[in-house]
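A, B, C, D, E and F label the chains in the order they appear, each numbered from 1.
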Amino acid sequence: MKIGVLVSEGPYTHQAADTAYKFVTAALAAGHEVPRVFFYHDGVNVATRLSVPPQDERHIQQNWTALAKEHGIDLVVCIAAAQRRGMLDENEANRQGKDASNIAEGFRISGLGQLIEMGIQTDRLVTFGD
Amino acid sequence: MKIGVLVSEGPYTHQAADTAYKFVTAALAAGHEVPRVFFYHDGVNVATRLSVPPQDERHIQQNWTALAKEHGIDLVVCIAAAQRRGMLDENEANRQGKDASNIAEGFRISGLGQLIEMGIQTDRLVTFGD
Amino acid sequence: MSDVKKFLYLNRRAPYGTIYALESLEVVLIGAAFEQDVALAFVDDGVFQLTKGQNTDGIGVKNFSPTFRALGDYDVQKLYVERESLEERGLSEDDLMEVVYEDEDDDWEEKPAIRVISRAEMADVMADADVVLSF
Amino acid sequence: MSDVKKFLYLNRRAPYGTIYALESLEVVLIGAAFEQDVALAFVDDGVFQLTKGQNTDGIGVKNFSPTFRALGDYDVQKLYVERESLEERGLSEDDLMEVVYEDEDDDWEEKPAIRVISRAEMADVMADADVVLSF
Amino acid sequence: MSTLHTVNKSPFTTQALVSCLNHAKPGDAILMIEDGVYGGLGGTGLTEIIAEFGKNVSLYVLSPDLAARGFDAGRLIGEVEGVDYDGFVDLVTKHDRTQAWL
Amino acid sequence: MSTLHTVNKSPFTTQALVSCLNHAKPGDAILMIEDGVYGGLGGTGLTEIIAEFGKNVSLYVLSPDLAARGFDAGRLIGEVEGVDYDGFVDLVTKHDRTQAWL
């Protein structure tokens, strides 16, 4: 079955990104497809490559990047939500005249249409938020 | 009177940073001192200089930077909370081996001791959070 | 038409204190272009999103409530509001803004898009959706 | 001693679902170095922070509850827990972990740091603070 | 000695206001801000209990937050007074401490 | 056709679980996750109302979240069953849609 996932809260502050990660891992292990995970609201903050959690804690961004690479998951960060919150990839940084970017490998910035498309093309949509 | 302010939530997602800004502006106008504003939890995200809000919306980071400059307010971002969430100044980025920083002018990264110190040295502490 | 799914946008939070109401509306506007069957549900504090007379000048935050009135232009025709949620909050339909759409099946007559329904009917609306997006 | 203020850390949220409990504890540990009068209050869902037997292996999040037991070493001696909050949640003092400190005024005897008090007493604790930090 | 309590959550969604009311002491003040201002509305399922507490503590709402949400002072419970940000600052200074119910 | 509802908030803090119970239909399932797992505890002020609803809908808690918070299955209401992440996935696929009560 195709399962789409929406993550609506930022890393560490809320458990949403952790629960979603565990859920996606289990869904893949059970033989389901997770073609895309969409990051919205503060969920866009999961994509930062500048996070430096304590050594004895999980690295949420790196976990997602690795899982996506292994299973070909499309990690999409909402552009409108990301701009407000200061999450930019290199293209966006250049376009906006900013001197730095912070999006990690494996995540791509795109529009809300990708969320709707995920809703249309998957059999289930599961939301993790606050 | 000396009033210390604690901001505990991120920009745009929660109203906390907006209410705190209005409150501090009013406190200064009434002749009070606001020596320091401490940003903790997701509040550290207020300090990003990469935010690009829509043209018709307020720019929360720039508002704080301008207010702090005009009135000499010490804007302190908690280092532990910031590291988890990917908020780094240039020193921290170098120290952590990261290729970019994102802290805006007017904010400085420091420890939680600055919050305790603010509690000791001010007459009132006002918290804005979720 | 077999590709048309029923999208339900579930709004349970008040405006301005958090961004969810605004960012929910941004999804609705983008989603309108996909020609799916769209409905919005306002339950619990979500009903506060539709109060008329919102004026955000004093808080320095953008007033996005006029966007609801533009939903008809995007062919969003169903804004379900739960009666029990209104009543618990001391509100009546008179406290809500007016949202209309033009009914193409009825000579483009202007009709109200806001439909106050009971909790039981709201449960039916929810159970009828293919995709529920919660904000 | 005139510079000593009474700091009250007010904890009203459950652990793990959000980070507030953990980050509150980080402030307490740093704050202990400042030689102020420190007390922690656990009210509403905050009482869940102190349950014993927490095991986070399954959720991939760090179990920070052992840190509470170390508070005595930081000379944090007062963890006030509201009885009514416990009761509403079906909890008793037996469900809480043990936190002790060594009383320097009583020959360094080990004493329990957790003090279950009534809601009225909790209101007194709050009203007695100079600085309240809410998490 | 008295406390200014701030509540920024809707009382229809969370327990913050009720918990605050349960711990406030006579002479304290409660200022409802942000989504908390809904707690000041008359004619709701909570009006009676809030008005009852209002006999011992002073109740305020932050007027700019009330206006943002489409209501004016006419909709408030009689025991609740509107203040602007200047009034917020005054309340902070008049009371000995501020306690946030997040 | 049936729905899997997810609730991730403590029922002692927010109205999410009660609102969910008020809208769930017979045959639906409710999975309590994260801080929502406290809703499955027996002997609380809410146990009775939750057990009553449990006659019409299936109630689950995510066991890893329950263990994280220091409780085991023995503390659950009789009507509530524990599942792990695999069980979560099964519940998602068995029901026709998933609705989050945030």
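Everything that follows uses one rule, which is that contacts are C-beta pairs under 8 Å (C-beta built on N, C-alpha and C of every residue); 3 or more make two chains touch, one makes a residue touch a chain.
Every value quoted in this text rests on a predicted model; they were computed, and no experiment measured them.
**Q** In this assembly, which chains make contact with chain C and also with chain F?
**A** A, E
**Q** Sort out for me whether A-F or D-F is joined by the greater number of C-beta contact pairs.
**A** D-F
**Q** Return the distance between the CA-based centres of chain C and chain E, expressed in whole Å.
**A** That pair's centroid distance is 29 Å.
**Q** Roughly how many whole angstrom separate the Cα centroids of chain E and chain F?
**A** About 33 Å separates the centre of chain E from that of chain F.
**Q** Using the average of all C-alpha atoms in each chain as its centre, how far is it in Å between chain A and chain E?
**A** The answer is 38 Å.
**Q** Could you check chain F for residues that touch two or more other chains and list them?
**A** 8, 12-13, 15, 34-35, 64-65, 84, 97-98, 100, 102
**Q** Could you list which residues of chain B touch at least two other chains?
**A** 12-13, 15, 19, 22, 41, 54, 57, 125, 127, 129-130
**Q** Spell out, as numbers or ranges, the residues of chain C touching 2 or more other chains.
**A** Expected reply: 13, 16-19, 44, 59, 61, 131-132, 134.
**Q** Chain contact topology under the given definition, line, ring, star, complete or other?
**A** Looks like something else, not a line, ring, star or complete graph.
**Q** Between which chains is there touch?
**A** After working through each pair, the chains in contact turn out to be A-B, A-C, A-D, A-F, B-C, B-D, B-E, C-E, C-F, D-E, D-F, E-F.
**Q** Would you tell me which residues of chain B are touching chain A in their complex?
**A** By the definition above, chain B touches chain A via 10-13, 41-42, 45, 48-54, 57, 61, 83-88, 93, 96, 98, 100-102.
**Q** Give the list of chain D residues in touch with chain E in this complex.
**A** Checking each residue of chain D against chain E gives 10, 12-13, 43-44, 119, 122-123, 126-127, 129-132, 134-135.
**Q** Across the complex, what residues on chain E touch chain F?
**A** That would be residues 12-15 of chain E.
**Q** Considering only the defined contacts, which chain E positions touch chain B in the complex?
**A** Within the complex, chain E touches chain B at residues 6, 8, 33-35, 62, 64-65, 84-86, 88-90, 92-93, 97-98, 100, 102.
**Q** Please output the residues of chain D touching chain F within their complex, sorted ascending.
**A** Those in contact with chain F are residues 13-18, 44-45, 48, 51-59, 61, 63, 65, 87-90, 95.
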